[in-house]
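The two complexes that follow have chain A in common; it is paired with chain B in the first and with chain C in the second.
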Partner chain A sequence: MADKKLAFIVQRTPYKSENPKLALTHAISYQTVEILLEDGDTVTPTVCLVGDGVIACLKDQKAMETYGITSTEMHLKSALLVDLDVMVCKEDLDRFGISESMIVLDAEDMGADKKIQIVPFASIVETIKNANHVLFF
Partner chain B sequence: MAVLSMGIFSSLIGSMSTDFAIKLASSAIEKGHKVNLWLSGNAVGLVKKSQKHLKDYSTGEKHLIDLMQKGVEICTCEACTYARGIQKADAIEGVQWNAMHWYLAKIHSSDRVLQIGGE
Partner chain C sequence: MKLAVFVSDYRLNVDTLDRLTSAKLGIILVQNGVYHATLKENGKPSSLLGKNADYYVLMDDLETRGLGSATIDDNIKVISYGDIVDLIFNEYEKTAWL
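Right, the complex of A and B next:
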């Protein structure tokens, strides 16, 4: 019986790269991984948005209207809905001039209890240190 | 013997990252390690059969078959693959098709994980 901690580090902008969406959908898939694991084994992902990746959490994205695809905002909300920890780097938000009021902070409209955590980069480094495996997207 | 899992997200053509991953998998097998390959994003084009090897382009089909014959488990992301118009009938035989949790499960049992990032 073991839990493996995975850090999903998202560092690309959404829509210019498929990576942020793939990071989120892979992380969300932890919900069904147990069917392929031994009894008692678990996987615990944490999603960290850093660098250009913080743009993924801007709210009111118009991906469905513009591109006909699910927005990264919706994927982030889905991540919260399945109780994933999602961290956003505060220093990188500040660099882009993105304030708290401009980002997705929760998915209360979908019934999620989890909230996005705005954290200093040092906390993301700590998450990486504590992870069994780190996946850069 | 160690277990190595690689998530490949880069296309075969246009970047040498996937070519590198295939060669690394081959070397790891030669050294007696167990290797799992997960294909997602643009890397799923790798599973298409009847690839023509032109000398200006990397080719994957022969190498994938070779790796599978040596015991490498290769799985393609079903959603990513269907979205790119590749059906199971078009794909190299022996490649598994599954959802993203396949990769997470392989990571769970791996000693080392390499993420070969996409574009």
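Right, the complex of A and C next:
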């Protein structure tokens, strides 16, 4: 009976490398992983967007319309739909001049209750400290 | 030489660009290079935009990333894929990709 905490730290821009999308896909897969665990064992992932990674949460991404691919915005919403904790670094948003009105804050249109949390970097450091495994993307 | 340089990433390209010289320089921002046209870190525009060049940014790649053309500076022309083809064939002799 144990809970493993995973911290997915996204620090690169979306698209081109697709690192943020890869991190989100891995984090979302925690639901599937639990099928393979012993009874009572759980995995709790948290996705943290820091540095250039905060750009991933800009809203109105039209990747499907322009290139026929799922947008990083849609991946973020899918993460909220499966109740993942998603944190975005406030200092880095401020550094880029990105306001709350410019980013995805929830996935209510998909029926998700979870919301993206804008937090100080200290909170993300705390998440890293409390994680059993830290994965950088 | 008339040189068009495609900038496709947000980091690590400025040093290389500084070493390129040409009679006419065009900088075409595509893929993640479009962030140079829109993001202002600590209120400052990208240092890449300080060169003596004609600047272009691809609309499709702006829209893909959730960026509109409203925040683009007047000295950067928002263009389509068709416009890029015209630039390559009509305006520049050589192209480079960073």
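The criterion applied here is as follows: the second predicted complex is superposed on the first by the 137 of 137 C-alpha atoms of A that agree within 3 Å, B and C clash if a C-alpha of one lies under 4 Å from a C-alpha of the other, contacts with A are read in each partner's own complex, and residues count from 1 in each chain.
Throughout what follows, a contact is a pair of C-beta atoms (placed from the backbone, for glycine too) under 8 Å apart; a residue touches a chain by one contact, two chains touch by 3 or more.
Note that this is a predicted model, so its numbers are computed, not measured.
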item	value
Partner chain in contact with A:119 - chain B first, chain C second, else both or neither	neither
Which of chain B and chain C A:41 touches, first, second, both or neither	first
Touching partner for A:136 - first (chain B), second (chain C), both, neither	first
Chain B versus chain C as contact partner of A:105, first or second or both or neither	neither
Winner by number of chain A residues touched, once chain B and chain C are compared	B
Chain B versus chain C as contact partner of A:6, first or second or both or neither	first
Touching partner for A:52 - first (chain B), second (chain C), both, neither	second
Which superposed partner A:22 touches (first chain B, second chain C, both, neither)	first
First, second, both or neither for A:32, with chain B first and chain C second	first
Chain C - residues contacting chain A, complex	8-11, 31-32, 35, 39-43, 60-61, 63-68
Chain B contact footprint on chain A (complex, rising order)	2, 4, 6, 17-19, 22, 25-26, 28-33, 35-37, 41, 43, 45, 133-137
Complex interface listing, chain A residues touching chain C	13-16, 52, 55, 58-63, 65-67, 71, 73, 95-97
Contact footprint of chain A on chain B as seen in their complex	7, 9, 40-42, 99-105, 107-108, 110, 113, 115, 117-119
